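In the two complexes below, subunit A is the common chain; its partner is subunit B in one and subunit C in the other.
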Partner chain A sequence: MALPPNVSAQDFKSALDEFAKVVGPEWVLTSPQDLETYRDAYSPLKGEAEELVASAGVAPDTAEEVQAIMKIANKYGIPIYPVSTGKNLGYGGSAPRYSGSVVLDLKRMNRILQIDEHAGTVLVEPGVSYFDLYKYINDRGLKLWIDTPEPGWGSLIGNALDGGTGTSYGPYRDHFAAHCGMEVVLADGEMLRTGMGALPTQAGTWTQWRWGFGPWLDGLFRQSNMGVVTKMGFWLMPKPDAYRMGTVLLPRFADLEGLIEIKNYLEDTGNTQGHPLIVSPLVSSVGHLPGPLYFPVTANIPELEKEAQAKGGFWACMFQYYGSAKVIEAQWEYTKELYLKRFPDAKFVENHAFDLPIPTEEVIAKGINPVFLSIPSLTAFDLGNRSSTYPHPASGHMWFAPIIPRTGAAVLEVTRLVVEILKEHNIETSWFSPPVTYWPKAMVFQIGVPISDDPKKNAVLRQAFRQLIRECAARGFGEERTPPVFQDDVRSTYSFNDHILLRITEKIKDVLDPKGIISAGRYGIWPQHLRKKV
Partner chain B sequence: MASALGAPRLARAASSIVKPQGLVLQTSLKSLAPAMRIAARSAERVFAFDQDVGHLWLSQLDAGHAVRGQTLAGVSSGGALFGLEELLRDHGMRLAALVQLDTRALKVAGQPQWASAVSKRLDSAPDPVAAAMVEIAAGAPRFALPGLPAERFAAAPDGAAFAWIIAPDPRRPVFIATRSV
Partner chain C sequence: MRSAIVILAAAVLAGGAAQAAPSSKNAPRAPAPAALPSGYPLHIPVPVDGAQGVRMDVTETGAARGKAVFQKWCSTCHGPYPYLSGTAALTEKYKGTNVNPVLERRANIPAALIRSTVRNGIYVMPPFRKSEVSDEELDAVVGYLTKQKK
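So, the complex of A and B:
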């Protein structure tokens, strides 16, 4: 059995025995088959000695069991790596950042504790997935929608804490921003409740008023390692009456700036609530997602503009609307009006307009990505199949996701930079997304850098990835999330005033978790005894 | 020719596990439709889906834990299989047998003859669903694929599909036990 670093075999055995007394021996997982499930399916270190692996797993059923586990871990100095459902592929999966940690597997804690249809709120445990919540709501006929990422097998809590997003109604897409209140088990086993949860007597407002009586500590637990979140409240959207999708097509390469400017205005004024999809008709579609978009910076633009005439446009933005059929029809008309005012040769496609609800089979038959209509899906994985538009599939991918301003100039600048770096390393990727518009005031330039089965190729990929991180950050394009292998690299780019953000974070870490047992190294935050050594 | 490529290997794998109680079929794999029809004829339960295995999961497979503790056979794309493997793993189940099917080769080989051969074998097979899976595998050039699920994407050709069996693994705990809500 592999041991956690700096832990004796005797201490490890004692800790596992004590874990077993808390959770039951069947929930202390040490067999090779069990540990295999905690490998990162998309690890860029796959098969190498440095691959991040777990020494064991322990799966509690309650927050009280989590408290007991933390006390035991503290006693023996066992590094613990909590995962909710552990299916965050492309950002590390279940594999611990600090190799040899014990995975604290929270999948059994899958209770939907409280749901308020009228307030539109829910309180869940970490093992509750988007599939689970969707099913729960629909089985009971509640008039609520969830905002689900794709794929929908992940945990609401895990996704929110890692900075995840969905793809439906604007205010609910930022999953951490849509949370309200949390319960956290700290490293010493103490339990903290934030916001209105700090009141011993509950009147239902824990999931309704997030700020409580200050200070607001919830941010400490996003993309960090300060505690184990065991409950979290979320806001849910009321089911809308109707849905509409329409596409704006613009003919010239230079139109990208105007396309984005008007989209921003429409979003910022609440005229469109859905996830706008910036695409190009010049690029064939791969499943529900637009295909590669790096051609504009490498190809002959006048020739492409001629081709664009035949295909309807150079750029397109697909707008989505939710609400009353009359209102969203007017919103689409206003969208067209604004574009026509600036681009008299703009074209429009009326994609979909229908009343809700409709059966999932119809959504799929219409070719609409189910997640746009609050339905969790698993179609994303077929994007990995070999096809004419994806001739050399990878064994997985790691997301590179810098935040960029909402401008066409920024899109083109980061595109050029990324294409140059990938070319320099002879890396082919067709998962080169156009700017992603999940967030309200910024865009993400998200690409899936392919993983290989060949360690030599992966070494090159890692080198390229690190170069992407450095060179994008040097232009102000900092990564919003990254796989664990690169978290130190990204952390080092947020270096204003001699890394004061990290220095303050480390001070907090040292107070809350002096032995550094929780998720050592996660998001580049190392405990004192491992700092600078790694 | 297909049998010479190693069908007995899968047959051993199939016969060593519990008889499949459900058959998962991805109907969008049109070239496999004849084989699917034959397999479905003798299956206890058929779970069909077109594109999104997530919808099948929500509407049938996970409904009341319908497939908990059951052995499932299936034919699907690699992406759909990957999704099911991951989901069923938390229900204490594991991939037990796998073959890759080349759907384009099937078109060349001609489906009617193949379907007829499958039908004949099924008549005498004691375990129709498992036998159907063996025949599906034997009816087309294929090779077994080891390794992590994601690695199969890299190895599979354009248009590839997979015949597979996912079975309960007594060594694997059932994480998704009850919904105490």
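So, the complex of A and C:
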């Protein structure tokens, strides 16, 4: 049997026996076959001695069982790694950061506890996926929409805690920002409720007023290891009456800055609510996905501008609108007006305008990504999937995700930097996202780096990945999320004032979890006994 | 409980409208406010503790169970549409053969292959844990997929 580090066989056996008394023996999973299912399917260390693996899985059914498990783990010093649905693919899956930890598998806790159609709020457990919530809402005909990431089988709670995002109506796209109140089991088994959840009598405001009274502790549980979140409230959007998509095309290379400036203004004033997509008709697709907006410093811009004339434009931005058909038509007209004022030669494409709802099949037939219309799907698995243009399927991918300012200069600079580093190592990306605004005020690239079954190739990938982290951070482009293998690397780049951010976080960790049993090393936060000197 | 909240909101809105146009004789008359609940508490507590909520498990039993588990866990990638990633990948894999890329339209998939693919994953398809698809649910899927199709 695999043992957690620094735990005796006797103590581990005692802990597992006690876990079994809490959850039932069938939900303490220790066989090699079971442990196989807890491996990170997309691990860049796949099959290597250093691969991050679990020593066991334990799957409770209630928050009270989570409390009992934490007390047992605390007694024996067993490292615990909570996962919600365990589908954090490309960012670690259901495998622990600290190899040998016991995965606390919360998937069985899949209750939708409360939904308020009028307030547009829901309270869920960690095992509830976007598919689940979508089905629940549709089975009952509620007039609510969800903002779903791709793929849709992830947990609302897990996705929000890891910094996940969706692609529909603006204020709901940042899933942590759209949460409201949480219940957390701490390392010693105590239960904490934040915001209005801290009131013993509930009047429905747990999921409506996030600040409660006094300091807001919820941020401690985002991308960290301070507790096990067992309930979270979320805001849901009302179902809109209509949807519209339109594209703005601009002819010159230098127009990128203006394209983004006006897009920013439209977003910041609420004149476009959807997820704007910046693409270039000059960039060829990878499969059906757009490739990187890569124009090297040596590019022959006048030649490319000639080519752009034939293709409709050098740059394009696809805008999406949700709401009343009349209002969003006016918002699209206003979009065109703003661009024409600055770019008299701007061109426009009216992509879609229709009333909602429409059947999923029609959404697909129109070529619209279902997630834009609140429909969860697994079409993201087209990345690295076997197809006629990609005959040798990948074994997964990892995500590189630098945060960049909303400027054309940053788009060009970061794309050049990343593409050129990857070229240097002969690495093809499986997807290089357009620069996107999941959040207000900043953009991010999501860059899929395919992993391999060949450890030698993966060693090259890891080296390139570390170079990307270093070189982007050196220019101020920090990573917002990263696979566990690189979390120390990214953490070390946020180093202002001798790493004071990490040092303070570690102090909090030591108080809340003195034995360091929860998710050691997650997001670069190590407990005292495993801490390396930075 | 919900109707009580709606009534409260309607009463507040009605009051607001009346205050906004006190001098206009032609202003539409606000409807008489609905009766507020008398006494305390005015707020109706929403149950959280003790509330069981709704589990998002597959509830179908008997012959329908295998198909229901397949629909929840497999059909989102392997359903009968060419744009679904699993079906698209198998279409490419079985190009030039007479093997149907839609799993539900095949009756000859070996049970052991279904079990090992679900528990070990393949290429970009990750493995599924027992907390997601239990052994009993996997048996039901195997039963469904290996049953002779029309």
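Keep this in mind: the second predicted complex is superposed on the first by the 509 of 534 C-alpha atoms of A that agree within 3 Å, B and C clash if a C-alpha of one lies under 4 Å from a C-alpha of the other, contacts with A are read in each partner's own complex, and residues count from 1 in each chain.
Convention: a residue touches a chain if its C-beta (ideal position, glycine included) is under 8 Å from a C-beta of that chain, and two chains touch if they have at least 3 such contacts.
For clarity, every value in this text was computed on a predicted model and none was experimentally measured.
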Clash or fit, subunit B versus subunit C on superposed subunit A: clash
A:Y494 touches, of subunit B and subunit C: first, second, both or neither? neither
Partner chain(s) touched by A:Q202 [first = subunit B, second = subunit C, both, neither]: second
Touching partner for A:S31 - first (subunit B), second (subunit C), both, neither: first
Subunit B versus subunit C as contact partner of A:S94, first or second or both or neither: second
Touched partner set for A:G152, first subunit B, second subunit C, both or neither: both
Partner chain in contact with A:Y136 - subunit B first, subunit C second, else both or neither: both
Subunit B versus subunit C as contact partner of A:L123, first or second or both or neither: second
Partner chain(s) touched by A:R39 [first = subunit B, second = subunit C, both, neither]: both
Listed stretches 4-12, 40-48 or 112-120 of subunit B, narrowed to the one that overlaps subunit C: 40-48
Overlap of subunit C and subunit B interfaces on subunit A (superposed complexes): 27, 29, 33-34, 37, 39, 41-42, 59, 85, 87, 89, 105, 107-108, 110-113, 127, 131-132, 135-136, 152-153, 364, 377-388, 391, 393-396
Residue numbers on subunit C that touch subunit A, as the complex places them: 2, 5-6, 43-48, 51-57, 72, 76-77, 81, 83-86, 88-89, 92-93, 119-121, 123-132
Of all residues in subunit B, those that touch subunit A in their complex: 50-55, 57-59, 62-63, 77-80, 82-83, 86-87, 89-90, 94, 147-151, 153-154, 156-158, 160, 169, 171-173, 175-177, 179-181
Residues on subunit A engaged by subunit C in the complex (per definition of touch): 27, 29, 33-34, 36-39, 41-42, 57, 59, 85-87, 89, 93-94, 105, 107-108, 110-114, 116-118, 123, 125, 127-129, 131-132, 135-136, 152-153, 197, 201-204, 206, 364, 377-388, 391, 393-397
Complex contact set, residues of subunit A against subunit B: 26-27, 29, 31, 33-34, 37, 39, 41-42, 46, 59, 85, 87, 89, 105, 107-108, 110-113, 127, 131-132, 134-136, 151-153, 360-361, 364, 370, 375-388, 391, 393-396, 451-453
